[in-house]
Structures are given as structure tokens and as C-alpha cells.
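The next part holds the structures, each set out as C-alpha cells.
In what follows, chain A forms one complex with chain B and a second complex with chain C.
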Partner chain A sequence: MAVVRPFDKLPALNSATVLLVGSDESLQQKLAEAILKEKKSFKISIHLATSLPLPSERDHLRPRIDLIAFMIDIKSKYSLKNVEASLAHVDASFFLGKVCFLVTGVGRVNYCSVQTNAVWKLGEVYCSPVLYCELELEGIRVATAQRLLRMLQICSGQIPGISALSFGSLIRNSADE
Partner chain B sequence: MSRRRGEASTPRKRNKKGQEKASTRRFRPRQTWPPGAVPRRRGGSREGDSNGAWRAAAPRSGSVMESEAAARTLPSAGRLSGAARRSRGPLFGRAHGRFGQGSAGGPLPPCSQENADPQKTAFLLRKQWTLYSVTPLYRFSSANLKEYARLLGAFIAAEKQKGLAVEVGVDLDIKVTFSSLPDLRGSDQDQAAMLVQLSSRSSVSPKNSEEKLMWSGWFCCVSGDDLSENVPEDFTCLPLFLANGAESYVAIVGSWFQKTFDCRFCRLAISPLNLTWMAAMWTGCKVEKNASATELVFSVPCLPQPLDISYAIHPEDAKALWDTVQKTPGEITQEEVDLFMDCLYSHFHRHFKIHLSATKLVKVSTAIASAHCDGIIKFLQSKYLIGVLMLLTELAISQIQ
Partner chain C sequence: MEPPQREPGVAAAGAEEGPVAKLDVLMLLRLREQMKQQLMECSTTVHASEESYPDHVVEEKLIKTTIEDLEREMEEVKVSFQNKTLVLHRIQLMDALRNKVKQNDDDSRLILETMKHIIMLSTAILESQQQAREMEEKLNDIKRKRLLLKQAGGNKLLQIHTTMKKQKKELASMEVGEMLEKIRNNFQKEKEMTTLIQNIFQNIIIGSRVNWAEDPSLKAVVLQLEKNVSFL
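For the complex of A and B:
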């Protein structure tokens, strides 16, 4: 199946998988390394992709994906288009809290080629949180990695009492206020 | 390159109104005007009165489309000339709100202004102006211009005495003149533009040598109602400052103004998003036959050697493309600008397999004006001077607020 589905595979014990989709590979790499450096109590596997759909030949080897983070670079309109094209290959039930948008490059607004309005609308349409960060700075990268890790823990069901959907709506409600 | 010849420069199927005609080399919009007929579009300005109509005429000159021949890739060993400038100032919120309204219309393309006297403003054209945004000036009065000139002259002389000499060698007497340019304003509510000129005369033989203009800078405000309505009394709004000449003089003059009128100068950078707006708007303006090509310069990031790509489009073809994209005359939306740029990018991608949307747009030059993302502008036509100033004033105001 070309579409990524949230529940078509069995979960593995005490582990979680995050998929980073974005056109800038070096930045993905750096973020993945930052996530791996964090202290965590479960096994984590990070998959990097430049676009969806994922190649189907290795589909049976891939674990269940708990969180998809789409990375948009505000300096490149191409990355926004890439993400928009990839969103078509994600199953609708993923958007119940298991998808988030990472917008990077917001530190230098003089370079922006993407309208922030467009990104915000994307988050609204797909009911997913939009996290603004500047991944080229070390400190913010570490902070973003921590946030993603926390979200991943919730999305993979390792925190009792909170589901991905309730957490997603919590973020969106607090962002609206 | 032989590959480019024979291929029609037509946009992809994304463009709703364009037709693909691979056999001919010209781009034809679907609403082909009958030859000679000129549809009139009335343009209203934001103030409510109509400053004039501009025409959308189909190109019938029979010139070969230059976009294939002119689209060239320039690998350059260095960055763009004059690019070593610091970029300042976030350009959020307001600029996007104004320039990029989703459904509501954005600002208009520059209309021809019959009031501006081309003779008086001719000296502003074809010079490179560096842009700054200025916060409102406190207790500035346009009646005291001579006094200000005297004070500024004294200040510059004092700076030179202090040893902050700007030019080593010949000792120059610097004369300062302040003058007013009453034509450069959008409406009567705007403050009249003010020009500061520094001219030098060699102090060795003051009688014989001529005065040479060394540096000029001017403040202006065109349709700056949003700012001027909200400031208290005693404040004068002249949010845009343009300077031409040595940067050291900008620092000196700027510090004098900052001390005297408690304002603040800030370098105004233009983001690529705003540059695309300018490209779209200026392409839509009618220009005479031998207009220069519309040129977009992109800088490719993340390469070991910096690469600049220059994409030149024949102005009539660019205008024809824009005319099919723009639906409502007098209104421009963000979607139309995006569509226009997407057509250009996809055309380039088809020929060169390079995604220009992943690069950074650094410079836009059309027949009307040319703008660089570091905040450098060059006016090329006095007819559209006021319109371009209106855009720049908006950018300056959004940076101040």
C-alpha cells in the first residue's frame, strides 16, 4: 500500500518510531542525531524520507510509525510543495494527533519565501500542531528534539491516560487562546 | 543551446487560462485580443480615487520570445556584487497582512501619476538607493530646513575634527543642503519628501573648483496613512529613507538625525516573498516597446561554491503571462502571485531540471525598477515612481511597527 497507515501493523514492545519527512536532508540528519542523544526509557527508531510515498518494497520490514513530522523550511517554497504533495500519501486517521509540522528557518525572516499564513493554514486544514523552530541553532534543535520525543512517547501510547488525539487537541486549544 | 530552440515557452497546465501551443513560439493567452484593440482596465488607488487606467495590450510585435535564449545559468565564483551588507529587521505580520491577503486584494500595481513632474524627479532615476526605515521624527518642521542644514554641516565638520575623517587626502569642505520635494507624496496627508545633499568643494581653491555632489539621501512617505494616523502630535512621519553614496556619510547623517529628532534608522531588507510581489506587480505595468527584460536572480544555498542563477524573460511575454493569471484588474492576491511565479519556475524546471523554488530570490529587475533583497532599489521610470515608493513605504512601516 502506498499510503502510510497508523494501525496496520502491530506495535513493538517498549519502542517507538518517528518518520521525518522533509526536503532538506542534512537538517533531518541533525535533528535525528539530536533526538537520539536525548535520554529516553524506550527504544526509538527514526526514519528519514525526502518525500512520501515510502518505497513499498521494504514495507514489510518497517515498523509501525507512531509519529510523522513534516519539515518545512520557510526559506524554500519547494519544501512546502514537497510536504503538500506528500500529505496525500498519509492515511486520514494519522491526522488524529500523530502528525506535526515543523517549520524551520524562522530565525531569519528576511529570507522567507513562504508565507507564514500558508503554513498556519496547512496546520488548520490538517488539524495538526505547527511547531516553529530554528533547527540550525544547537539549543533550539535540542529543545525541539525534546518536544518531539515527548510527543512520540504519547503517540506510541507509552504514557497512560493520554492519547495522541487528546494531546493533539490540547495543543491546538492552547495555541488558539 | 539547441535544446531551447523550438520549444514553446508556455506554462504548464497549472495555468488555467494559458494554452499550450508547441508549434508556435509565442505564448498566447486564451482571451486573444483582436489586433489593435486595447481593453481598458480602470485602476482605483487605495485612497479611493482613480489615478489612471493602465492598459493590458497583447504583444503583437512579432519579436521572438527571448525567454529561451535569455534564460542563462551563470555560475559565478563569488557572491553578487555589493552583497556584503548586513541584513536587519524582521518583516513579519504587517507586511504579510498587507501584501499577502488570501482572498482580499492586495496593493495595486503602480499607476501612472500625472502630478509628478518628471523633470524634477529625473535625478532620482537610475541610481542605486539603499533603503532604511525611519521611526517618526520628533519636532521636525519643514520650515527650518536652512537651520537644519547649518547644524548638520557643523556636525559633519566636528566629526571630521574628531578624527572620524571620511576621506583621507584632500581636505574637503562639505556643504549641506536640505530641500523639499513636494511632488513625491501619495496624498496631501503625507509629509512632503525631503532631500539632503552633501556636496564637496575642495578647500584648497574654493573659488575655482566646482561643487561635486558626494552623497544624497531623501526621506519620503507615500500613502503612509496607517502610520501617520496613529502617531501623536509633534511627530512627523517619513518612514522611508533612501541613500546614495558612501556608507560612512549615512552613518554620520543618520546619527545626527537620531540625536536631533529622536528617531531610529534601521536597514530595510526585502524578503524573497516581497520580491515576488514586486516582480508580479511590476510585470503587470505597461511599458514602452524597447523595455528591458524582466530578470530574476536566484542564489543557490548550501553549495560549496556559491551559484547564482539569472533568469531573464522577455517583458511582453512576462506581461502576457501575468495578464492571464490576474483575474480582477486592480486587485492582486497572494494566490495570483504564487501562480505567476510557479509558472516561471516550472518553465525553468522543464528546461534545466532545477527547482528554482528551492533557491532564494535575491534580485528582481524589470523595466520599472530593480530591487535587491539587501534593500537596494533602482528606479528606472519616473511614471511609476510613486507606485514603487508606495510599496517601499509599506515595507518600511511594517518594519517599524
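For the complex of A and C:
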């Protein structure tokens, strides 16, 4: 299947899956490790990818993906282009709160080559929250991992009463103010 | 990257039966809630994809109007909330002021002084505003009178104008009267001449010492002459 769909597979019991898409593999690895180190009450499965579409050979082994985090490195325009190309392979119903954009490398102001305006517009067009982080620093990495974990919990439906869509619109409304 | 596994609650084997059983039940209840949530999400997606759009444009418009209404309501709520916050601040301020004044120390005396000063200034303001209003009234009266006078003056001028016009007309019509005047003058002259000739005739007849009473024709002439023509 070329396009990732949110509800084409049944959810597994007490577990969630997050897909990290980004061009920088070492950063992805670091973030994945930070997420796994966190204390959680459910099983978590992290899939790393440099770009979509995912190879269809292993499709039947892959579980249902609850959250896609697109990692954009603010120092390289190539990562932004990569993410934009991969966005075409995501089903539209994913963008109802199950996608978030993670902008890394914001600590180094001198090396910014991607405009924050472009990233913000991306978030607006795809109605998804944009999180800024600096994964080189330990503290911020842990904090980002905790945030992603929380989002994952909500997106996989493990928190009763809050759905991914309501959470997404809550974030957007509070960001507008 | 761990492969998903079944929940570990079933595999837990503790020494005490009670807490382990409770843990199991809690775990199961939590799982039940999770599954309910996930079911709700899946069914909503299914329902959403089932909808047909026969009137796509109309629905869009409907959605837009509903969005606008909701946004307006949100704005109203925000505004009312801000107003209420302001009122709350005002009430808090008043309360703090009241408490402070009750304490009766230097600050409160200063506050009382300031308040009295404010009251004095406000009364002064009211008085001067009253005076200003009275002055304005007087000014308005004078202006009104001036307007009336102007109007009266205008009317009078109009009257003068009409009268002068009438006079001119009369003058024009009097030219006809001039002819009448001439006629009158001529008539007057003729009368005077006739009276004169009458008198002359009388004097001639009387001066000639003729007994005019005997001659009937002379008598008729003299009596005729008695008719005074000038009183015609």
C-alpha cells in the first residue's frame, strides 16, 4: 500500500506505534531511545523512516500507526523538501490530529536556513501542531520525548474522553492566542 | 524497537492474591476504557466516510455560516469574560480601598484628603458647567432676537418697496389725470369769464339807470344774471 492510512488495521491491546520520518537518522535514533527510556504504562513501538512511502514488503508485519512525527532540521533545506515529498503519501484522514511536525536544531540560531514562516505555514496548511526542540541537549530531548509520549497516548485512544482531533484543535486554539 | 506484546498483567504472579487480583481488575478496566475510546474513533471515521455530498456547495456555505456564528459567539464570550474581569478588578480595588480607609493611619488620611479634594473639584466643575450652560442660553436668546429683528427689518423694507411701487403706478395713472386737470382749468377759466361778463352786464344795466323791472326781457336777463355761475 503506497499510502499510510490511519484506520486500516485493528489496534493492538494496550500498545501504540509512532512513526518518525526525517532525514537525520542519528537524531531519530537518539529521540527513539529517549522515548523508550520514559516511564509508561503501555507497550510502545517506534518505527524510523527516512522518507515515505514505506516499503510494501513488510506491510503485513507493521502494526497500526497511531502518530506520525515528521522531523525537520532547521539547518537543512533538504529535510524540509524530503518531508514535503513524504506528505503526499499520507492519507488525508491522518491529518485530523495524528500528525505532528517536529522542528529540530533550533538552538543554533546562526545556522538556520529554513524559514520559520515556511514551517509555520506547513503547520497551518496541514492543520497539525508544530513542536520546536533541540535534540542535542539532554534536557530538551527528554522533555520532547515526554511530549511525544503524551501525544501518542492520546492519538492511540488510550485516554478516554480525549480524541486526537479534539486535542489537535485544542493545541491550535491555544496557539492562536 | 520492541514488538508489541500482550499485556503483562496476566503474566504477573505475586505472592498475595488480593493486590494482584485488584491490579488485574484495574488493568482490565483500563483496557476496557481504551478499547471503548478506540472503538469510538473507528466508528466515527466510518460514519464520516459514509456521508454523501449531494449539495456540496450548499453544505460548504452552511458550514461556513455555522463557523462564522460559532466564531462570533466565541468573541462575545471572550468580550463578556473580559468585562467581568474588569468589574471584578474594580470591586477588588474598592474593597481594598475601603479596608485601607478603615485602618485610619497616615495613608488613609491621605486617601480621604484626596477624595475630599476630588469632591470639591467635581462640585466646582458642576457649577462652572452650569454657568457655562446659562451663558449659552443667554447667547442663544440674543441670537434669536437678532434674527427676529432682521426678519422685521426685511419685512419693513419689503413694505417700503411695495409702497413705492404703488406710488409709481399712481404717478403713471395721474398722467391721465393731467388731462383732466387741464380740462378743469379751462372750465374754471370759462366760469370766471362768464361770471365776469355777467357782472359787467349787471353793472352796465344798473349803471345805465334803466328801469329794468318794466321791460320783461330785460328783467329776464337780469334775473338770469343773478344765477351765480361760480358756484356751479
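Assume the second predicted complex is superposed on the first by the 177 of 177 C-alpha atoms of A that agree within 3 Å, B and C clash if a C-alpha of one lies under 4 Å from a C-alpha of the other, contacts with A are read in each partner's own complex, and residues count from 1 in each chain.
Please note the rule applied: a contact is a pair of C-beta atoms (placed from the backbone, for glycine too) under 8 Å apart; a residue touches a chain by one contact, two chains touch by 3 or more.
If you're wondering where the values come from, they're calculated on a predicted model, not measured in any experiment.
Counting the residues of chain A that each partner touches, chain B and chain C differ, and the larger count belongs to C. Applying the stated contact rule after C-alpha superposition, one finds that A:A88 touches neither chain B nor chain C. In the superposed model, A:S79 lies in contact with chain B only, and not with chain C. In the superposed model, A:Y111 makes contact with chain B only, not with chain C.
In the superposition on chain A, contact of A:H47 is made with chain C only, not with chain B. In the superposed model, A:V125 makes contact with neither chain B nor chain C.
Contacts of A:S156 after superposition on the shared chain: chain C is touched, whereas chain B is not. With both structures placed on the common chain, the touch criterion links A:N14 to chain C but leaves chain B unconnected.
The contact sets of chain A with chain B and with chain C never meet. Across the interface of their complex, chain C is touched by residues 6-7, 11-15, 17, 32, 36, 43-48, 63, 93, 156-161, 163-164 of chain A. Those residues of chain C that touch chain A in the shared complex are 1-7, 30-31, 33-38, 40-42, 44-46, 48. Across the complex, chain A meets chain B through its residues 23, 26, 75-79, 81, 108-117, 121. For chain B in complex with chain A, the touching residues are 87-92, 96, 100, 102, 269-273, 276, 301-302, 334, 355, 357-361, 373.
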